[in-house]
Structure formats: structure tokens, C-alpha cells
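Several structures are given next for inspection.
Below, chain A partners chain B and then partners chain C, in two separate complexes.
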Partner chain A sequence: MSIAAKKRLEGYGFIAPGFLYVLLVLGYPLVYNIILSFKNVDVKTFASGTSKFVGFANYIELFHDPTFLLVLKNTFVFTIACLAIQFTLGFLLALLFSQKFTFAGPIRGLVLVAYMMPMSVTAMLGKNMFGVTEGVINDLLMKIGLINAPVEWLVSSSTAMIAVIAVNCWVGIPFNMLLLTSGLTGISQDVYESASLDGANKFQRFFYITLPLMKSSILAVLMLGFIYTFKAFDLMFIMTSGGPLNSTDVLGTYAYTLSFTKYEFSQGSAAALVLFCCLFVIGLFYLRLTTKEDD
Partner chain B sequence: MDGKIETSLKTKGGRSNFGKCVIAVLVAIIFLFPLYWLLSMSFKTDGESFGKLVTYYPHSFTLEPWIKNFSDKDFLLSLKNSILIAILSMTISIGFGVPTAYGMGRYKVPGSKSFLLTFLVTQMLPASLMLTPMYLIFNKVGLLGTYLGPALAISSGSIPFIVITLRPYFKGIPVSLDDAARIDGCGVIRSFLSIMIPAIKTGVITVIVISFLNGWNDLAYSMTFNVKPEMRPLTANIFKFQSKYGTKWNCIMAYGAILVIPVVLLFVFLQKYIVGGLTAGAVKE
Partner chain C sequence: MKERFKKILAVSLAGAMAAGVLAGCGGSGGTASSSAADTNTSASSASSGSSQTSGAVKEVSVWHYFEHEAQALEKVAEDYNSSQDKIHITCTYVSREELMKQYTIGAVSGELPDIGMVDSPDMASYISLGVFEDIDDQLQEWGELDKFYAGPLSSCMDSEGKLHGLPNNSNCLALLCNMDILNAAGVDTPPTTWDEFYEVCKKTTDAANSVYGFAMSAIGNEEGTFQYIPWLYSTGADVTTLDSEGAAKSLDFLGQLVSEGLMSKEVVNWGQGDALNAFAAGKAAMVESGTWQIAQFDSGDVELNCKYKYALLPKDKENASVIGGENFGVCAGTEAKDECVDFLKYMMTAQNNADWCETAGKLPVRSDAAELKDFWTADERYAVFNEAMNSAVARGPHESWPTISEAIYTAEQAALLGEKSGTDAMAEAVAVVNPILEEVPIAAVK
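Moving on, here comes the complex of A and B:
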């Protein structure tokens, strides 16, 4: 065997474990899920093995179901609201924390703990803090005088989404800040110095230097943010169980309910595939961005 | 002239340093308040945590909620499950992920671009998409109600992360290190284990911590694949304890605090590894 061929074999040997794992444990279920969504598998047909292909029936049923359409809308409202808030505040904080001052490092790190915490605990904490009488949010808002009576955050279907978005932003802002800070610190100080010597003011420097140089960081953060937020599950599952009246139900939780509360496995897999298709479109842009600069 | 500019910049820097510190501390207070709230609630008495009056610190400090959790058999069992699932999924993830990252970082093989693409795509797959098919497959092969079921599923998310994070680290090791290992008579596997892995210690610590936390934080997989509460980790038993404790928020918060403590400890001690790893995995520099 030639040395090159031996080298190649070694390479494949190292790559094989992880790649085969992913093919088997993710690839196979993914294909299985696609097939499932075109069949009529529920708890009865699965046990008896009498399921059959039904074409697009599951998808047609989903898109005629007003609850599913509400869930689809909720998912987009949740994602877009979170992205807008997380990105704007995350960027402002990144601008602050990318500068050198006494507490910059430690505080930037501390704030990130929110991102590492189990989402189920965060959701439970949110449930308590947004409580009607025992909740600290109502108490604080009444102390400042912004509201006169306690708001029924999680009890009312018109406010539950706001509470869920707020909790998610508590996690998302630090994450956006982290990624944007690393983009900002990558910009050479010389560029700013020569710009200020040329008489550029703070705003000009931001719009003509920072933003253009940050373009790929910003795009990556927005797309990653979309992918992470759009697939939310733990937060709603623990904090609101999708309620009240499906007002915080999103694709992730709805697919779960279909499969594991109603045992309509095929319907659940069809709903999950709708979720995946939305992710995939954004994901393709993200892939183009990350692989373009490689090699 | 040069000196003048420098001093004027310095005094300006001094003044704005104070201003920035104040803003940063305010930001920290806002973001850490929920964590403070979690802890403060966990030291309140039943009456105070349920009371109509919201108190901002425990007026009568008690360890009762913590003791109640730690003397509960169901709690200790869930804690054991959390630790087992986290360690098992971490071991699987590292065992499969690190060699792959090494192969992709240091060998030029045909098809490596599509391998990388596969890992990038799989990183996007949401748990809710995998739950139904995995549940039905695990049901067939007898993996429901085991620790291995959720651990396998969690690792399928950690492995792509490990590959994407560590690949650039391995790529950055100078070729001279390979040659030195060869001359010393190291075999391929020995040079990988005892030279290459220690050379990128920082990256390896990052992926160990993150893949442990992926297991520790998991809710969806453990909850779905382990129907019996005795097999479930702390995260998946939150509902059970919520109905057990009723409105005793102090006990629920102590429960949550126990779940958060390992995360905070790991984070405080290994902050620079985690922060570096997260940024490397997400954004190309």
C-alpha cells in the first residue's frame, strides 16, 4: 500500500466513529420521521403493525387545523420578538463590554451563567417571578408605579407570551453579547484611531466602521439565534405547558403533545418536520456563511 | 504634542472608566437578580414563600427546604439519575467526537467537506424533531426506560458540537509535532492519545464541560424515553415535585438551586474555557 493510501485510511479510521454515530443515531431517525409523517401511525396501528401510507393527509390536516395555524404564528411571533430584543440589547452590551474597564471581564462572565443554566430551572423560576400575587415582577412594577393592580401574566392568554419572551431574552441577551463581543474585539483599534484622526465622530465610526466590519458576525448571530429560538421547547413546556388556550404553544411543544399526549405519532412527526423545514431554510444561509471562509 | 494627546486621553479614560463600571454593575444586578431570587426563596419558610407579601430577602432564614429535598428518597434517586445520565452521555460524546475531530482536523481525505457539512446540519436538528422517531425506534430495540436511551440521544447533539469546536484546535497543531512523535516511534493511536490531545488541553476541557452540561440540562429526551419517574433525572421530575410541594415555592426553588449549583461552579472555575469554546463553535473568526 502506498503511503498516501495508508494515510487516507488512517484519516477515515479517525473520522468514522463520530460520523457513523451521527448517521445511525440522527440520520436514521430523521429518515424514519419523514416516512412516519406520510403514514397513519398512532398508538393502535403501531402496536398492531397495520399502519399504511396516507400521502400528504397529515400535512393537509395540520394546515386545516386552526390550533396548528395559531401555533405556527406563535412560533414566529416568539422568535422574531426574541431576536429583535436579544440582538439590540445584546449588541449594546457588547459595545460596552468590548471596551477595557475595571469590571469588564468578570461581569461579562457572570452574566453568561444565565445561558448555561438548565432551561427547565429558568422556566420554573420564570413561573414564580411572573406569578400574580407571589410574583416579584408584579410587586416591582407596582412599587415603581407602572401598574396599579397585579397583572395576570401567565393566567391570561394575552400576556403569557410576553412573559415567555421576557424569560427567553434573559438567556438570549448574554449569548448574543458573547458572540458579538468576540466579533467586536476582532476589529483592530488602528482603524478607529485613524478614523478619529480624520475627524469621524462616534456615530460615524459606528455606522461606517463597526457595522460593516461586523457584517458576518451579525449575520451569524442572527441566524444562530433564529435556529436556537425557533426550536424552543423546555421553556414553554415547564413555564406554561403551551397555555393558556395554546397562547404560548410553539411548534416544538405542539409536536410533542401530538405524539406523546394524543399518541398521534404521524401527526407529531409531520408537525416536527414543518419545524425542521423552517430551520433548514435559515440553516442553509448559515452554512453558506460558515463554510465560505473555510480552507 | 504626542505627550499632550496621551495625557488627555488618559484622564478621559479615567472618568469614563467609572461611568462604565456603574453601568456594568447595574447590568450585572439586573441579570443576576433572578439567580438571587432563586437562592433567596430557597431559604424562606413555607409561610413567607407563599405569603401574599413579597419579601426581598428571607426575613426568617431557614435551611428547611434544602433539608426536605435532601432527605427525600425520590429526590436522591433523581439526583443519582441526573449524574448518571450526564456522565454516560459525556463519555459517549467524548469517545466518539474527539477522534472524529482529530481525523477531520489533521487528515486531508476525499469527502471531508461533506463530512463537515453533515455535522453542521446535524447541529441544527431540534430535539422535538428527533423525539417521535427515536421513541418508536427505542421502543423496538428495548432502549425505553434505560439510561442509555437518553444518553445516546443527548450525545447525538454533543458530538457535532465537539467536532466543530475541536477541529480548528487540531488543525492548529504544528506539523513538527507529528514528525517528532514519529521519530520517537509513537504509533498513530499513541501519538493521538498522548501527544495530540494534551497539546490542545484547553479545547478538550471545553468540550468535556459542555457535553457534561448537555446531559445535566437535558429535559426532552430523558422525560420522553423514561416514563417511570424512578429513572428520570432532576430536570424531568420538576413537575412531579411541583405537584408534591404544591405552593411551597421555597422547596421548589431549593430543588432548582441544587440543579444550578454544579453549573455555576463549573462556570466559575472554567469560565475562560467555556467562553472560548462557545465562541469558537458558533462564529468563524
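Moving on, here comes the complex of A and C:
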């Protein structure tokens, strides 16, 4: 065997475990899921084995279902609102903590506590804090005079989403701050120094130095944020169970309900696959952006 | 530096995508490998017992979600274990949510206990999914089936009427009144009709102290449907006639309670425990309460600092309540089917059913068990439930009950939140429910 062939074999040897892992843990369920979504497996056909391929029927049914369209809308509203809020505030906090002031470190550490908390705990906290009569949020808002009567946060289908977004941002802001801070520290101070010598003011320095140099970390933060937010499940599941009236139902919770509550396995798979496709497109988009940059 | 940072992020992005894929796949019945793994240890430790057929003793695992009743169940198992030396029963507590998920996963993977407990309205779905064995022949030979009440027994049947398990206990709903508040408002006896009920709600509501006349659970799950069913049936309507005037009326009536401030809007997020807590805290003068809650008062789990009284739920046209309760079924693929059936028969003899229901504070499912003790007639609280049982209706049995139930509680929530009129809300439910019932009707059992 030639040395080159040996080297090539060695290379395959190195990637084999990873490849097998991906194939087993990701490939198999994904393929199973795709097959399931093109069949009509539900409570009637599951055990009897009479399920058959029905083509795109599940998808057509889903996209004609007003609840699913609402769920799709909810997912995007939730994701985009969360991204906008947590990115802006996270960036501001990152800039703030990049300044050197007393207690900057400890305070930044405290902000991170929200991110370290398990989502289930955060969701339980959120549920209590947004309570109508006993909730601390309403109490605070009334005390500072912003509202006269308690807001029916999780009770009303028009405000429940706001509450869920607020709780998610509480976790998302420190996450954004953390990643953006590491991006900020990567920028050499020399660049800023020479810019200020040339007479650039603070805004110019931010827009012409910080932002361009942060481009790759900003992109990464937005992409990661999108993915984490888009596949939200635990927050809604615990805080609102998707209610009231599906107003906080997102793709993750909806697919779960279809499969595990209503035993509409095929439709649940189809909904899960829609979720996957959305994330896949975002992932491709990110890959293209980053590879372009490398060229 | 920048390059490396990007690489790290690329890797974590790949990881996040992977997580996304898994989360997506988690939604499909057959591929929930991660959640299956969570419970794998308990599953294998429990079911491995049944395969140990060495020696004379056969191990049988029982999974249940009883909490304060667990000890009473353990006692039944212990008595059974010591009564013979061929079969050994081991009871394992699995949280309700987890157990239900495990049945669905187990239908694919085969990881099931030998005997499983299930909430009665869910049984038909699991039978259809192949979770429970057909044990009809063995139970017919037993010759005691005619002693069981028809409603609970029907919930163990498949669409052909074959039994896959036995009901274990029953409960139903009644009206629990805080007589201190009622008396202070000049009301001496609990209301019996909707009109009286409405008046009492009005008299006892105290907006200044956020005390409501009534509390119930209208949450978006089976509990919400459970608590709504009596209001539906009281108008003469039922699940098959959701497009009737009565069905719309029942929603409008409950919606009116909310819109006039006699019932908190928060009921749409309240489980039955939450509604009871509001009542216990003096924030509601009346509450829709279940049989099992009496045991919680007696054990001190829920403290009631008031004079209270149970009464039948108020009626519109007819008295109505709803049957709840748990069944035990023999799971598919067990290697000890006969032994499982033997234990079920033992657990459900008249004497054992009576003993167990008395200890656990539940209603028996056998008429001859109820006759054995005066527990259900001597205690006036249980007596009310015993009477309510006469007009209590079963949910289903129907394999698609979860879908029917979702349509019902969604309609209820829309009406309570004032988003739709009773007629409009019910029209949407009908669009879901009627096609299902046309395909497979609910087996008529009375």
C-alpha cells in the first residue's frame, strides 16, 4: 500500500467515529422522521400496521390548518422579537462591561446567573412573576403608576406572548452579552487609539471600527440566537402549555402535542420537519456567509 | 485569533443545529430516543424482573402514579405477595406525565411494565396503540364482571367491547361551598339550579377583596374538559350534540360568570388543584371539587379554615356530573399475562376494592363493594358524591378522545376569554368532533 493510500485510510479512520455517531444519532431519527411524515400513522393505524404512504397529505393538511398557521406565525414573532431585544440589550451590556469600572466583573457575573438557570426553573419563575393578582410584575407596574389595573398577562391571548418573550429575553440577554464580549475583547486597543488620534469620535469609532470588526461574532450570535429561540419548547410548555387558545404555541410545542397528546404521529413529524427545514435554511445561510468571508 | 474564534463558533453552531434536529425529532412518536433513554434504567430494572422466570416466583411489575394513595396500593400488593408464593408484585411510582409518555414510547420500543395504570379517558387511545393486552376471555371466565358499574368498565374496552383491563376506582365532581361566605351573604343552603347558583355567585363576589363567587378549572388540558362536561350535559346536550342550543348555552353561562366578574379569568390557567387552592385561601365562595379532594382535607394537605359543605352541581335541565378514575391494564408483550390477570382479579375483589377505596378516599367501581361498607353513605361528603355518581357520565370511551377533548376545552377557553360567543366557539369544536364521531361513534354504554 502506498503511503498516500495509507494516509487516506488513516484520515477515514479519524472521521469514522464522528461519522458513525452523526449517522446513528442524527441520521437515523431524521430519516425515520421524514418517512413518518409521509405516512398516515395515527392512533388508528399505529398498532394495526395499516399505515400507508400518503405523499404530501400531512403537509397539505397542516398548511390548511388555521392553528398551524397561527403556530408558524407565533414561532416567527417570538424568534424575531426575542432576537431584536436580546441582541440590542446584550450588545449594550457587552459594551458597558467592556469599560473598566469598579465591580464590572462581579456585576457581569450576576447578569450571567439568568443564563445559567435551567429553563424549567426560569419558566416556573416567569409563570409566578406574571401572575395577574399575585405576580410581582403587575405589583411593580402598579406601584410606579404605569398601569391602573392588573394586566392579564398569561390569561389573555393578546398579552401572553409578550410575557413569554420577556422571560426568554431575560435568559437571552446574558447569552448575547457573553458571546459579544468575547468578540469585543478580540479587537485590539491599538486600532481605537490610532483612530482617536485621527480625530474619530465615539460614534465613528463604534460604527467604523467596532461593528465591522465584530461582523463575524455578530453573525454567529444572531444565527445561534435564532436557532436557540426558534426551537423553543420548555419555556412555553411550562409557562403556558402553549395557551391560552394557542397564542403561545410554537412549532416545538405544537409538534409535541400532535404526537404525544393526540397521537397524530405523522402530522407531528411533519410539523417537526417544518421546524427542521426552517433551521436548516438558516444554517445554510450562515455557512454561505462565513465561507464567502473566507474567500 | 479571529480565525479560531470563528471556528469555535462554527462548531457550536453545528452543535446547536444538531440539538435543533433532535428537538424536532423529539416530536415524533418512534424516534424519541433521548427521552426513552431517560427512563431506560427504571424501565429495564422494572421489566427485567418479569423475564426472570427462574425458580417458582414470577416477578410482575406495576407502574402507577398514585401519590398519597401509594401506600394503600403497596399494601394490596404486599397482601397479595404473602397470600401465595408463585407471583411477586413490585409497585413502582412513575410521575403521570412520564408514565403517559412511556406508554407512547413503549408502544414502539416494547419497554413496558407488566401492569400499567392509566387515567380512564386515555385508556381507549392506548388500547388502540397496542399498549394493553386483550384479557377479555380470562375476565369473562371470572364471572364477576356484572358486579362492576357499566361506565367505569366501559372505559377498559376497545371498540369491539373487549376488555383490556379493569377499572380501579371512580370519582366524580360536586359543588363545594364555603358556608361562612354563603351565610354571611344571606344564603343558607347551597344552590341547586343555575339561576340560584348565579344569584349566589353575585351575592358572594366581593371584588374589593378579590373574592369570587365561583372557581373551577378551565385549563387547556383534560382537566379543563373534565370540569366542563357536567355543565354541558346539564343542559341536555352531550359530546355528540355540541351544535345544539344547550351546548352553546352552557358556554355562554360560564362566559357570563367571567365577564361579570363572578369568576376569575385566571381559571383558564388553573388546574383543579389551583382552583381548590383559591377556594382554600378564601378567594372563591364555591368551587367544582372532586371526590379525591376530600382525602386531601382530611390528611391536612389542603387546609380549609371554614365551614364547608358539599352539594350536587347546580342543574339547568338535569343533574349531571362526570366520571373520573383510574384503570389498570395488562401491558402488551408481558411474559406473565396470566399472573397479571390473577393479580388484577385479586385487587378488584369486592372486599379488596372496598378496603382500598376507603383507605384512599375513592369511590368503588363494584356495586357489591359499595354495599360492604357504609363509608360512602355515612360520611355526608362522600354521600353527595355517591349520589352524583348516578348522573355522572363517562368521557368516551373513544380512541381519539384527546383530540375531542382538545376541541372542547379550546371552545370553553374561547368563550371564557370572551373571544367568541358560545355558538361560534362550539361551531369550531363541532368541525373537529363530528367528523371523528361519524367515523367511529362512541360506544353507547349506560
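Basically, the second predicted complex is superposed on the first by the 267 of 295 C-alpha atoms of A that agree within 3 Å, B and C clash if a C-alpha of one lies under 4 Å from a C-alpha of the other, contacts with A are read in each partner's own complex, and residues count from 1 in each chain.
The rule is simple: contacts are C-beta pairs under 8 Å (C-beta built on N, C-alpha and C of every residue); 3 or more make two chains touch, one makes a residue touch a chain.
Note that the coordinates shown come from a computational prediction; the quantities given were computed from them, not determined experimentally.
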Specify the outcome, clash or fit, for chain B and chain C once both structures are aligned onto chain A. clash
Does the superposition put A:Phe237 against chain B (first), chain C (second), both, or neither? first
Using the superposition on chain A described above, determine whether A:Leu112 touches chain B (first), chain C (second), both, or neither. first
Looking at A:Thr133, would you say it contacts chain B, chain C, both, or neither? Reply first, second, both or neither. both
In this superposition, the partner of chain A with more touched residues, chain B or chain C, is B
Is A:Tyr21 touching anything from chain B or chain C once the two structures are fitted on A? First, second, both or neither. first
Looking at A:Leu154, would you say it contacts chain B, chain C, both, or neither? Reply first, second, both or neither. second
I'd like to know which partner A:Gly172 touches here: chain B for first, chain C for second, both or neither. neither
Touch check for A:Gly90: first (chain B), second (chain C), both, or neither? neither
Clashing segment of chain B (vs chain C; choices 44-52, 62-70, 224-232 or 260-268) is 224-232
For chain A, which residues belong to both interfaces, chain B and chain C? 22, 25-26, 28-30, 32-33, 36, 41, 46, 133, 179, 182-183, 186, 216-217, 220, 224, 227, 231, 233, 252, 255-256, 259-260, 265, 268-269, 272-273, 275-276, 279-280, 283, 286, 290
Touching residues of chain A toward chain B in the complex: what are they? 7-8, 10-19, 21-23, 25-26, 28-30, 32-33, 36, 41, 46, 93, 96-97, 99, 101-104, 107, 109-114, 116-122, 124-126, 128-129, 133-136, 139, 170, 173-174, 178-179, 182-183, 186, 216-217, 220-221, 224, 227, 231, 233-234, 237-238, 251-253, 255-256, 259-260, 265, 268-269, 272-273, 275-276, 279-280, 283, 286-287, 289-291, 293-294
Under the definition above, what is the set of chain B residues touching chain A in their complex? 16-17, 20-21, 23-25, 27-28, 31-32, 34-35, 37-38, 41, 49-52, 54, 56, 95-97, 99-104, 106-110, 112-113, 115-122, 124-137, 152-153, 155-156, 159-160, 162-163, 188, 192, 213, 216-217, 219-220, 224, 235-236, 238-239, 242, 249, 252-253, 256, 259-260, 263-264, 266-267, 271, 274-275, 278-279, 282-285
If you look only at chain A, which of its residues touch chain C in the complex? 22, 25-26, 28-30, 32-33, 36-37, 41, 43-44, 46-47, 131-133, 152, 154-157, 179, 182-183, 186, 216-217, 220, 223-224, 227-228, 230-231, 233, 240-246, 252, 255-256, 258-265, 268-269, 271-273, 275-276, 279-280, 283, 286, 290
Which bits of chain C are touching chain A when the two form their complex? 1-2, 5-6, 9-10, 12-13, 16-31, 33, 100-101, 104, 107, 125, 128-130, 210, 219-221, 264-266, 268-269, 399-400, 402-403, 406, 410, 413-414, 417, 419, 440
